[in-house]
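Okay, so chain A shows up in both of these, paired with chain B first and chain C after.
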Partner chain A sequence: MATLRKYGNFFNGVWPLVKDLVKEEIPLQSKLVGWFCTYTPLEVIVAAGFQPFRIFGSSERIAEAGVYLPPNLCPYVRACLGEAFLGRFDGIAGVVLVHSCNAMGQLASAWRRYTNVPVIAEVHIPRDSDSKAMVYMLSQVRSLIRGLERAGGTVTVDSLLTAIRTSWAIRAGWNDLLAKQRRVPAFYSGAGLSRLGRSLQRAGPDQAKALLDLPRQTEYSDTTTRTGNNPRFILTGSVVSPGLLDLLDSVGADVVYDETCSCGRALFSVCKDVKHGVEGALLESAFPRIDPNCEGASELDTLIEYLASWYLNRIPCARMKPAGQRIRYLVSLAKEYSAQGVISSVVKFCDPYLYEQPLLRQALLKEGIPYLLIEHEYEVVPEGRLLTRLEAFIEKTWRPGRSAI
Partner chain B sequence: MAPRTFGDLIKTGLMGPVGKRLLRARASYAVARYLLNRASGFDMESAKLMTRFAIDESEKAYTGKRLGVWTTAFFPTELVYAAGLTPFSPEVSSAVAASLGAASKFLSAADAQWYSTDLCSFHRAAAGGLIEGFLPKPRAFLASHHLCDGGPFLFRNAANVVGAPLYVVDVPPTAGPSDSEAVIYVASQLKEALALLEHVSNKRVTPEDLKATVRLSNECRHFMVQVNELRRRRPSPLTGVHAFSYIYLTFCGPGSKGAVDVYKALVRDIEHRIAVPDGERYRLLWLHLRPYFPNTILHHLEKDLGAVVAFEELNEVYWEPLDEDRPLESLAAKMLSHPGYGPVERRIRAIIRMVERYHIDGVINFGNWGCRQSTGSAYMLKEALREEGIPYLVLDGDCINGDNFSEGQALTRIEGFLEMLSERAS
Partner chain C sequence: MLVAGIDVGSLSAEAVILDDSGRILGASIIPTGANAGKAGRECLDKALSECGRTVQDLSSVVATGYGRISIDFATSRVTEITCHAKGARYFFADARTVIDIGGQDSKVIAIGKDGRVTDFVMNDKCAAGTGRFLEVMAKALELDVEELGPLGLASQTSAVISSMCTVFAESEVVSLVAEGRPREEIIRGIHDAIAERTLALARRLGVKAPVVMTGGVAKNQGVVKSLEFRLQTKILIPPEPQITGALGAALSALGR
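Presenting the complex of A and B:
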């Protein structure tokens, strides 16, 4: 099991293409709006005429960021500040800061004080989805729109409707890819799919469509070496760099669903009309009003309400009030994707996901689902101890021919 | 009997093999009150009153004399008192456990239940204390996200263990007390929290009940303002060694008669102490909390080095008086006005104000390892205060876990800092 395995699937061939596509799609720098948290209502940014792109951070100048943010604060936020110091965001329209957790709040302050990258809006996403939270969320989406307008954008009924439909098309396309991961063996390598997921978060609408088409076009020429015997895992947790996915791939673990903040959580959908995806089924009954095409919406307020409702009602992440729903979701994902275990990847000092551990472990244990927590400094390096832990976990969870949960 | 002996007796009893049972026995509290009444070593009436208040409230929480609920620091306890319930602060209990030398036992229990050692030790110790059966099981958990995420997350887990209801108030960090949408949002959550408290106590809270606790809270605030006004004097009439313990009341006291009595007595105490001999060389502002496990830092600072903690950030009265006719809205405004929450500029402004108001020579920020709130902004404060020419020292450590703190190193850094202050003065 410990032997290194190349991911000899289509992503090997097309990864350079993906990179080119993402590079090509960079439009006018002044049209870019950076975002950090998956609760940022991206459709509003697109509707205002900007291109949202996810800031993943860079460890290159993390030491400089450490002058302002202490070492016992989330390394992801420190990496984001570090990336700003690299000058990569010079000339962009700005960023949207969301106070999702204490660390993001500190980043917001540091960003305003120590970078010259403009802040389009600084918003708070409520932690619940009831009517009070909804009213407050509406005020926050409106505040974001005002910020975008100050930066020269305009949000109209048509532009928002188009942005919402495009975003649903992208989410549906992502779901199509995921559907193939339920097969045994999994169709794509976890590392490859996660990289594609990351690229989607930095792509404009046209590039996103092209990105989603890449695997579709090449699926029959797939020369995968994976076998039905590879252990299958759900990857959850906070943000993660591709290094961990590569590492998992290299030790023969198939990540069949990357639910982390860096990938799945930014792309999944909860719409009842999306055929694929357990998340749709889970939430359908609770949120019957959600219509991905927003048919009949003729007013901006209706669309804003739709968006606010969607963001608050999606599968909650660990910062949100209800913990049970997210944990049930993970259990159902593990079953749906015939996974042999769940791996949590949590950056150090990430309170929302670290506090979740006792509850999550307990729930998975009850279901007989093996679980592994990997705490890391965001940029995962394949050092010996981590490799040994991964291999031991795979040993524990996987036997040739052993059926999934 | 000297207070040291009083403390030692409590410590021996609680940490002994029957400690858990003693905590739940009413007789223990009767004995504690008896010993307290006979204790002659308290040099301040208010300290004795506060100890009495703590004994009474602990008795209610542990023995079921009155139904208890857990509240995070800064949750508005006015609502709890209005419902006739007792608030219990797990953060305070962690500080007490640390001072009794019991924190490591609790921390190990939390480690075994997958609480990462990088989480705030106030919360880890509370989780461990609950697991070990040292903390009272409440009827409900009431949390608020200001100031930190740790409290609500801990309560979420604890509510699961205990099987009691949980209410979490989401406080927008981006808004202030003048943001009407935020005030309505928070106030509407407080209304729901109150409904849960009514359900737990099986008592309808009338507007008069709320008015009464809000009035007490305002009275308490009134005396706190007086205390703080007196603390502007030189030499400082109340030093950190004493003043830190009153922070307990800002967590559990608002809305209670007990807190009013303590602060009223504290005003008298300070007025009598105004003429304390002047050994004061430097006046310090202390940010965040202090280490609670046995250590000599404050004592050494104030007694040996003449560096008096003239004021503590957490003793500042940052909120406006509450409006008896709009209790929920004004409590919401209080929550939204906490300077330690939201954009760092609020905290910077508050610190600069305190530096001026209390004639501060230097600022010490005690960095609790797992704290993303206070420690999270420690370096930004450094930059901002440097620009203002205010000397500032970050003292890395841990408030609860003595193993995570090197006293020797801290003392060396403090001495270096004081030398720098002395050079500046000359």
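Presenting the complex of A and C:
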């Protein structure tokens, strides 16, 4: 536990630096573009000369947001609207609203009606990934480009190519950090790495590079003090606040991969996912003309097609099809990271993730991988029943000296 | 040397003292009140006093229950899920399912043949169908909670309580009283409602016999009989179901 705290402290030490980096955004406020869903084509925003930053929401005025939205709607959506009411986004270039799940669609309607933060574009994400879906997705990426150009940006072949390469560099850097999590013991605390992952989603390219370099330069690069006896888990599911990661850290659990919508799913890469059998084949078939580095791409349309393919064919969230692909991916992740179990963290009223639970549970149990579902109100607090469930899950899945799956 | 297990729940705190062979030497049950740490100390002192021993005789103390984090003198802490499974197996060595209905939550625990917890479910939304629920209903009927069991068993018919929300169900009970429905019939309806909810929880895991029921609500024969009817199996009740969690904690202290 002491070691966990040490690593946790290290990342807590990083956090003020992150805040300093974010402070630098203030003079550039008019260049910021807010985003909510991991299906937002961020590379296009960067190529247009803006800096995308993830909006995670705030519980401060969530009750006020609840006045404008149905009570049985995603608390993350209410938290995002509530954060807008705090005035934190005043003066930014705008936001990109994505119609992926139903809750995101509701956010789009409420955002336009009840906030004064400009909307750059609304991007509708098809649920399928077939040829018709691809045509539609292309139209949506082009629509986003038009929106960004209306806001004063310009997308060129060079700027988009640079943005894609930068994006891949960030994803590759994230991948390098994750590689260390495959070790036993895991190199970083789950809470710390997830906070870093969240920070990356709010950072500009230079800031992201600095953030990724911080763990590499740290004096804590010695694994000898970290015990190998901590139970290891994959965290998956919808959006979650860092509170759950902190709670898991506090009970001595190593989240070796945070695959949630708040972290891993926003940062994973094709290069990584190509390794996963069927997913790899699917991804390769999606890129018949260009490689992930986009070498030789000379036309804007080619790059747009590349991006549309990537976003449609990446490992899907629970709202997308096919569900089996995602479930196989999670099983493979658990094995690859020598996890003793998988924890699904699902925000209340998130039907897509709740819908996949029986299938996911069945697939994991078939492989002998224990599974726990947690439903929460987005801002996770260390409440007694939740603590009991997490600790009981650890007691159930882990014994000192027991080998991982 | 002796060991102790302390279970500090939302409504009551229990302690069990074991000798190194696993024999129960003393046990106590007290209301938790507003201070979980104080309740833990008091129930431990009471159990020790029952067997004429002192804290100095203890080599290890394991705390469980929601108040486990408040027991600052505990050697270690284990969740009530694991403790109820251990405690149930103490009395019924081949138990495969434990239904624990406590003060403010209920749990169903699946146990493997080797005695380890293989899965569990909890009602983690509210106190519906728990001891607190029964207390509120008893108050609405102007009865002590201990009177509910025998009265419910005396009725051949059951009033329908459609809501399991404690607040709404209380309103329903008040309405049924106003309609002049026999008190026994209403109580049986309350027991059936708890059994239905517990059954729904149990079905998520799949129930394997032998089934053991623990926690304070296991003392209510009306709920037990209603649940047995729905599960179509006999439910085994430990001699004092309320101390099962503390017993499991004490067994953990023994390393079992």
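By definition in this document, the second predicted complex is superposed on the first by the 362 of 405 C-alpha atoms of A that agree within 3 Å, B and C clash if a C-alpha of one lies under 4 Å from a C-alpha of the other, contacts with A are read in each partner's own complex, and residues count from 1 in each chain.
The criterion applied here is as follows: contacts are C-beta pairs under 8 Å (C-beta built on N, C-alpha and C of every residue); 3 or more make two chains touch, one makes a residue touch a chain.
Owing to the predicted nature of the structure, the values given are computational and were not obtained by experimental measurement.
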item: Chain A: partner with more touched residues, chain B or chain C; value: B
item: Chain B versus chain C as contact partner of A:A392, first or second or both or neither; value: second
item: First (chain B), second (chain C), both or neither touched by A:E377; value: neither
item: First (chain B), second (chain C), both or neither touched by A:E367; value: neither
item: Chain B versus chain C as contact partner of A:L354, first or second or both or neither; value: first
item: Partner chain(s) touched by A:S109 [first = chain B, second = chain C, both, neither]; value: first
item: Partner chain in contact with A:E60 - chain B first, chain C second, else both or neither; value: neither
item: Common ground on chain A, meaning residues reached by chain C in one complex and by chain B in the other; value: 375
item: Chain A contact footprint on chain C (complex, rising order); value: 66, 69, 78-82, 105, 116-120, 122, 124
item: Chain A-facing residues of chain B, complex; value: 113-116, 118-119, 127, 145, 148-150, 153-154, 156-157, 160, 168, 170, 172-175, 181-182, 184-185, 188-189, 342-345, 367, 369-370, 372-373, 375-380, 383
item: List of chain A residues in touch with chain C within their complex; value: 375, 384-389, 391-392, 395-396
item: Chain B-facing residues of chain A, complex; value: 66-70, 72-74, 99, 101-103, 105-106, 108-110, 112-113, 122-124, 126-128, 132-133, 135-136, 139, 319, 321, 323, 348-349, 351-352, 354-359, 361, 373, 375
